[in-house]
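Remarks on the structure that follows.
The first chain written gets the first letter, and so on, giving A, B, C and D; residue counts start at 1 in each chain.
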Amino acid sequence: MLTTNPFDDDKLREECGIFGIWGADNAASFVALGLHALQHRGQEAAGITSFDGKHFHTHKAMGHVAGNFDRDKVMRPLAGSTAIGHVRYATTGESSLRNAQPLFAEMAEGGFAVAQNGNLSNAMKLRRTLNRRGSIFQSTSDTEVIIHLVATSSFSNRLDQLTDALKQVEGAYSLLVLTEDGLVACRDPLGIRPLVMGKLGEATIFASETVALDVIGARYLRDVEPGEVILVNDGGTRSFRPFEKLAPRPCIFEHVYFSRPDSIAEGKSVYEVRKNIGAELSREAPVEADYVVPVPDSGVPAAIGFSQASGIPFELGIIRSHYVGRTFIQPSQEVRHLGVKLKHNANSALVAGKRIVLIDDSIVRGTTSVKIVQMMRDAGAKEVHMRIASPPTRHSCFYGVDTPERAKLLAAQMGIEQMRDYINADSLAFISIEGLYRAMGEERDGVKPQRCDACFTGDYPTQLTDVAEKEAAVSLSLVASR
Amino acid sequence: MLTTNPFDDDKLREECGIFGIWGADNAASFVALGLHALQHRGQEAAGITSFDGKHFHTHKAMGHVAGNFDRDKVMRPLAGSTAIGHVRYATTGESSLRNAQPLFAEMAEGGFAVAQNGNLSNAMKLRRTLNRRGSIFQSTSDTEVIIHLVATSSFSNRLDQLTDALKQVEGAYSLLVLTEDGLVACRDPLGIRPLVMGKLGEATIFASETVALDVIGARYLRDVEPGEVILVNDGGTRSFRPFEKLAPRPCIFEHVYFSRPDSIAEGKSVYEVRKNIGAELSREAPVEADYVVPVPDSGVPAAIGFSQASGIPFELGIIRSHYVGRTFIQPSQEVRHLGVKLKHNANSALVAGKRIVLIDDSIVRGTTSVKIVQMMRDAGAKEVHMRIASPPTRHSCFYGVDTPERAKLLAAQMGIEQMRDYINADSLAFISIEGLYRAMGEERDGVKPQRCDACFTGDYPTQLTDVAEKEAAVSLSLVASR
Amino acid sequence: MLTTNPFDDDKLREECGIFGIWGADNAASFVALGLHALQHRGQEAAGITSFDGKHFHTHKAMGHVAGNFDRDKVMRPLAGSTAIGHVRYATTGESSLRNAQPLFAEMAEGGFAVAQNGNLSNAMKLRRTLNRRGSIFQSTSDTEVIIHLVATSSFSNRLDQLTDALKQVEGAYSLLVLTEDGLVACRDPLGIRPLVMGKLGEATIFASETVALDVIGARYLRDVEPGEVILVNDGGTRSFRPFEKLAPRPCIFEHVYFSRPDSIAEGKSVYEVRKNIGAELSREAPVEADYVVPVPDSGVPAAIGFSQASGIPFELGIIRSHYVGRTFIQPSQEVRHLGVKLKHNANSALVAGKRIVLIDDSIVRGTTSVKIVQMMRDAGAKEVHMRIASPPTRHSCFYGVDTPERAKLLAAQMGIEQMRDYINADSLAFISIEGLYRAMGEERDGVKPQRCDACFTGDYPTQLTDVAEKEAAVSLSLVASR
Amino acid sequence: MLTTNPFDDDKLREECGIFGIWGADNAASFVALGLHALQHRGQEAAGITSFDGKHFHTHKAMGHVAGNFDRDKVMRPLAGSTAIGHVRYATTGESSLRNAQPLFAEMAEGGFAVAQNGNLSNAMKLRRTLNRRGSIFQSTSDTEVIIHLVATSSFSNRLDQLTDALKQVEGAYSLLVLTEDGLVACRDPLGIRPLVMGKLGEATIFASETVALDVIGARYLRDVEPGEVILVNDGGTRSFRPFEKLAPRPCIFEHVYFSRPDSIAEGKSVYEVRKNIGAELSREAPVEADYVVPVPDSGVPAAIGFSQASGIPFELGIIRSHYVGRTFIQPSQEVRHLGVKLKHNANSALVAGKRIVLIDDSIVRGTTSVKIVQMMRDAGAKEVHMRIASPPTRHSCFYGVDTPERAKLLAAQMGIEQMRDYINADSLAFISIEGLYRAMGEERDGVKPQRCDACFTGDYPTQLTDVAEKEAAVSLSLVASR
């Protein structure tokens, strides 16, 4: 049972997971295992680049790590004692191998490979400038901007070139860079996306989540700090602080949904935070009911928390198939709404005649909620109360999370009561933004929030240059077309 | 969350699931959906045969239903308003497309397609006899014996030919047969393997489990009864009883592990029976502990039952990856035991310093149990108590379930205390065979048990001709070689 | 340059080539090479069965020998010092792997593999009888009839079973059979299809043509004689004559088109016979012209013969692409007739303003001839005279050659002058049937022809049971429908 | 029958063929047909880029045009009324999709696609300079240098950027460039590689050879002239002469071997030139013999010329298989020399006891010649005289033709008599360089040859910067290591 539900199309989706290791024989094999543990962060494509002291070796493939990086034929050529890897999420738009990472470039000073989790909010603008100067892009990935900024930097030292490049970008980035000079890990000044550091014997490891350390039996050392640049090579491990110091704003949604429940994020057990959210929710929005039923699998920890705090028994009222991810040909009109049943089926014997509290982690478009509530009613539930383990998702994310445009976010269009009516529940409640911070053991600072919670509040911690230019262009064209 | 764990190699495995429908446009599309819901009963291969009134159409493929039966190119040729389908389990031995079902033969009287769940215990003997008479086999499947018995039957009527054939076989079989005369469903006289009947509008449906009815919104009608032969065609639905009446012996392990928790088997909720088993187990083998932790996913319902009956909180102490089913190249010696972590990871923040009751559905070879207990200890658990939701599995199944040979069944080699020591648990208990029947609301009849529980008791309800001949041959060769 | 033109869809096509070897390490590798040399006899599918003294091993694949039988992974499992193989022609109808040969059956007495070149003219009738007795067919191949006749034979000895079976069939067959008792080669009593025998060191080889001996450096020994059955095993090579002796009728078309020009068929050089045909044709139908131009590649030897006998220079007026065999999407209407240019292009610089004698081996449907003549005219040829190196093809072949139904044979529908008009040539002539025999150094016996020339004359050397029954059924239904 | 022999590994190989069209609906379909006709110029990979007025569409694939560009799924997305394409030769070294052409770049001014036939002799040097300025290369192709030179050019107009780039390169190039401004064709100032222009209705076409015009029924207009740049767009067709005027030096080997015999190159029939070479050769090096035998297929036209001039009959003494291009597993040691027989087989019945003149187009390594002569002797030839339709190949080509390094060129290592001995012929003669020019109707200017004949004479028409630097580096390191 995982928090992330890889198949669900009504969830926000992480764009990426990254993993790197320095100082281990067959480094690429460790990367494959680490990426496998981060697979929930991206299922579209995976890639590994290794360096054997002389040559860089890259293999990328559409699809999962397992099945693509488990054969000797693929792994043997990925030689060397250092390697980085990347898993990428299946966006609905352009999804092609050329956007898979690590991206690699042969520069005048030698090879340069990079894997990024995050998103640059001024990538389009930088790209246009580079383009005009004669840089030719291979991909549509924002990460390639960093490569060209490095290639055209006037500095002569690799690390200087990299920080020179990073000072020109805005947005969220946790980066792993592999060059002939060593392995570099860095996190943007606000630390929006996570990055942790671990050790396995003499080897140094960086990963998006601690589960990727667990899978290879590595020890968690510490988080890479916001704005920190760490260089690992034969000379040891050195930490740099090239950026102006800012108050951190790590993404709060990692705790709600993205991270695996067995990860430790910012020193907190993800599982425990989710149980706390469930408990908090049972206090904020109590209800009389027979059973607490999670929407599997991501709703389970919050449902356990809700059950323990309220005393209402936890039961599996919805069973989820392991074998999903494909559509089927509809046999006929009368079975048009089969979609949801392919994934979920009501445990009718349990549910019939009972009052049910459904626990889900979030509502994005609302499409799944509508079907799930209906499924409970069809199974004979007497009452269906929906409780959501996050505040209403009202704003798009521009930091590496695939959110639908605002117009498709249910909570951006409707009030709570209207939503309740829309999904046809007997009651509906979301945890408050304050409750969410409380579940993490904090009190939200309304002026300078401790985290990035922009998807709930609209309070974006960076400039959004590309968005602003696009909106300006739109309004300009509106003016022009009058 | 599903009870069945499709990837686990330390479980008994169902050999097959079957689904058939008569009287629905695009019958094959319904079969694809039904088979998808039965995918946990077999992941090796899937097949569908349809009949369009003139021609039979078959498509079979290695792998899952989704991915093979979801494209128009495949489904359109499977024309007709009646069809049968089959999913088959991935045995480690010969696993090839030619053994995938439905098997089809063009006979003098027309086409004949058959899909079977079960296993014939005198197939080898019958095969030799047929071989000597000139029958040529296409597969190594025991099901093909039925086809040749039908083809060489001296009866002239299809149904007579089929019952003539079935009277010669022994063992377990739930069968769907498609001929130009209609769709035939039958279950062996002991009813060892399940088969249910449903309706969707005017269409008649047969399936291994009720979840396959749910997925297409069909209504459960009744179980096909042991020894019953049902013919469905334009003339309606007729039931026959060609065999001598015997006391039924349905498989008890369907309730313990094989069936999905949201199925209704023999009128009982599988989920509820499993919760009852957990509760019964907490009474038979109580323990003082901090948390009840299921081995995911199959141990979850029993763990909920154990928790509710004992008052010990239910917690997710083990997190299971969604992305499993492949092996990886071992990076080095020191990480040799990574296997289990690829599938399961300890929720260390929860487990550390606590007394844990682990709930699993069964122990087969014991390999997983050893790793899981060790994983809990590595995560800092103070005590680890193992409770198993079935009696010790001591005997092989010859009725369509893939069991290791006896020498590899842990419980056939060791006593309980020795097993406890082997898996390194602080305590170990299995539910008693009587407790298991009680959880089903029955009292076990020690002389003539109401069910087939041979895997626990060795009390086989049929002759085992092939096994007996093989053993005779072995002892003969031992005599000869003295 | 080969006589056979593998891509041309306006030719008669051989159905098969066979190759077998006894007594050579890695027998299957020799078979692969031999089949490769026989590839012009069948491009649809290829197969090899080997026997290693204990087990039979079979691999079959759609497509060419090269590409399917050149990898170690495929060849290593085909262990043993004896093996047989088969190449099969791509018929437009049902072309599937299950009809690829060798066909193999596990019988009560052991394994039995068979590869056939030819066609049985009473296969349908035998099949129905076997079907009624309970035999179940795996393929639609007529060869499978032989297998079931063997399996159900009342004889106990393999060779007796085989001759028992062969006495029941009618038609053309050159067979290679592999059993645990040895390798058997046999040719039908009329010797319609070819089969030669050779030696390579101690190994004994059978093949459809001598080029398959050449490719492995083997020595041609002799033809297998019509009606002869040869058994090769550790006991040596024995020849049997189980059938009534008949006057042989080998296929004359092998010399005209099927065989490779570098083969020796019935002791005659195929190349020389074809040159003779060209010379004979120049005497039978002389013409004043500037150049003799072959339709590549099969028309080349006859064109050389025509040129040498007439003194008119031989020139390449048509160039043929090596890269054909696929269709392309038509860019637009105006280039609709591109088809022929993808394969052939006029050598316009040569042809313009000249009188051309085109030499082709045969006219089947006439579609290619129409295009070729037009291509010459478009290139500026002043006159185009067509000379055909075989008599008009007026009858279907039922002995293993894929002929269009009679209604599509141009010469069955039209007289010579009408054909000339149809293909728009300035003159058209076919060699006479007597001329064809003369080119082979024989005088045709009009009463009992020395060869099967039924495609030209309609004089079929065997009964055509299936054809007769089908025609009877048609006329019956015509009567009934009046 | 084609002059080019696509499978032979003992030939020089053309690196590429190009085809472009402006002003035709479904332009890409024409390109596919044109490339198919140029397939003999490159079998490794093929690619097409089209422009639909808004977007550029590219598809590239390893392998042949047929099979990759014949499906609707591939062709439909290649929308637009202008397109360019490329076929690339299978070099033994790095052969990957990323080097397939057309290469495409999204530049600040819009898309830019390029397809090149030829090779730049200062590409490495330019690449290093561009690298140092921050340009990142995607491929190892020399053609990409042109792209980066264009992208970083200080000119603002597309055509100016392109000529700016071309003025910096040296070597051989026939180029097709597709931009939003139109289709550009250009040929290097010496016109080393060919490029012709044609019309089909309103559409303008460029292609490496006239056969690509023939295949779509287009009309040959004229050759693109050395140093000419032609721009085709909605504004019409304009010709530019941006380079200093030089005396042209077109490649002479196109006539000897590369071009298809049905092409017209520089206004001359390739077939006729080759026949002339054969006739010239019979005068330069006459011999008494029974038959003239071509080494198929490329030796055929010269053999016809030799036969007609000498009066010795032309015969097919060697038969070539259509089904080649793959290696087979050697069955055993004794058949080690099977290689040549897979491709060629002696027509033994013809050859035995006869004096043979073998005609081949060239000798590169000599490996094939050794085998062919031996094959004739094994077949019983009394005498074997070898005549070669080109002068001895003694020097590498640096202009887009894959030549072995000099050390592997037989004629660079041996004199004629030594070669004769090596290939074991009774006599050996090559046509003289003067004879070759004569066959083309010219007299060779020894001081300023009219053609590039460097492979025979070592007289390279351009600087060879990369070669010079490499040799300098080598001698430097030799000095250093003393």
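Quick notes on this one:
Rule of thumb we're sticking to: a residue touches a chain if its C-beta (ideal position, glycine included) is under 8 Å from a C-beta of that chain, and two chains touch if they have at least 3 such contacts.
Worth saying up front: this structure is predicted, and the values here are computed from it rather than measured.
Counted as hops between touching chains, the shortest connection from chain B to chain D is 2. The rotation relating chain A to chain D, fitted on Cα atoms, comes to 180°, given as a multiple of 5. Between chain A and chain D the centroid-to-centroid distance comes to 52 Å (mean Cα coordinates, whole Å). Per-chain Cα centroids separate chain A from chain C by 64 Å. Note: centroid distance chain A to chain B, computed from Cα atoms, is 37 Å. Chain-to-chain contact here is organised cyclically: the chains close a single ring, every chain touching exactly two others.
The list of touching chain pairs reads A-B, A-D, B-C, C-D.
Within the complex formed with chain A, the residues of chain B that make contact are 1-4, 6, 24-27, 29-30, 32-33, 36-37, 39-40, 64-67, 69-72, 75, 201, 211, 214-217, 260-262, 264, 269, 271-272, 296-297, 300-301, 304, 308, 313-316, 319-332, 334-335, 338, 341-342, 345-350.
Considering their complex, residues 105-108, 128, 131-138, 147-148, 151-153 of chain D touch chain A.
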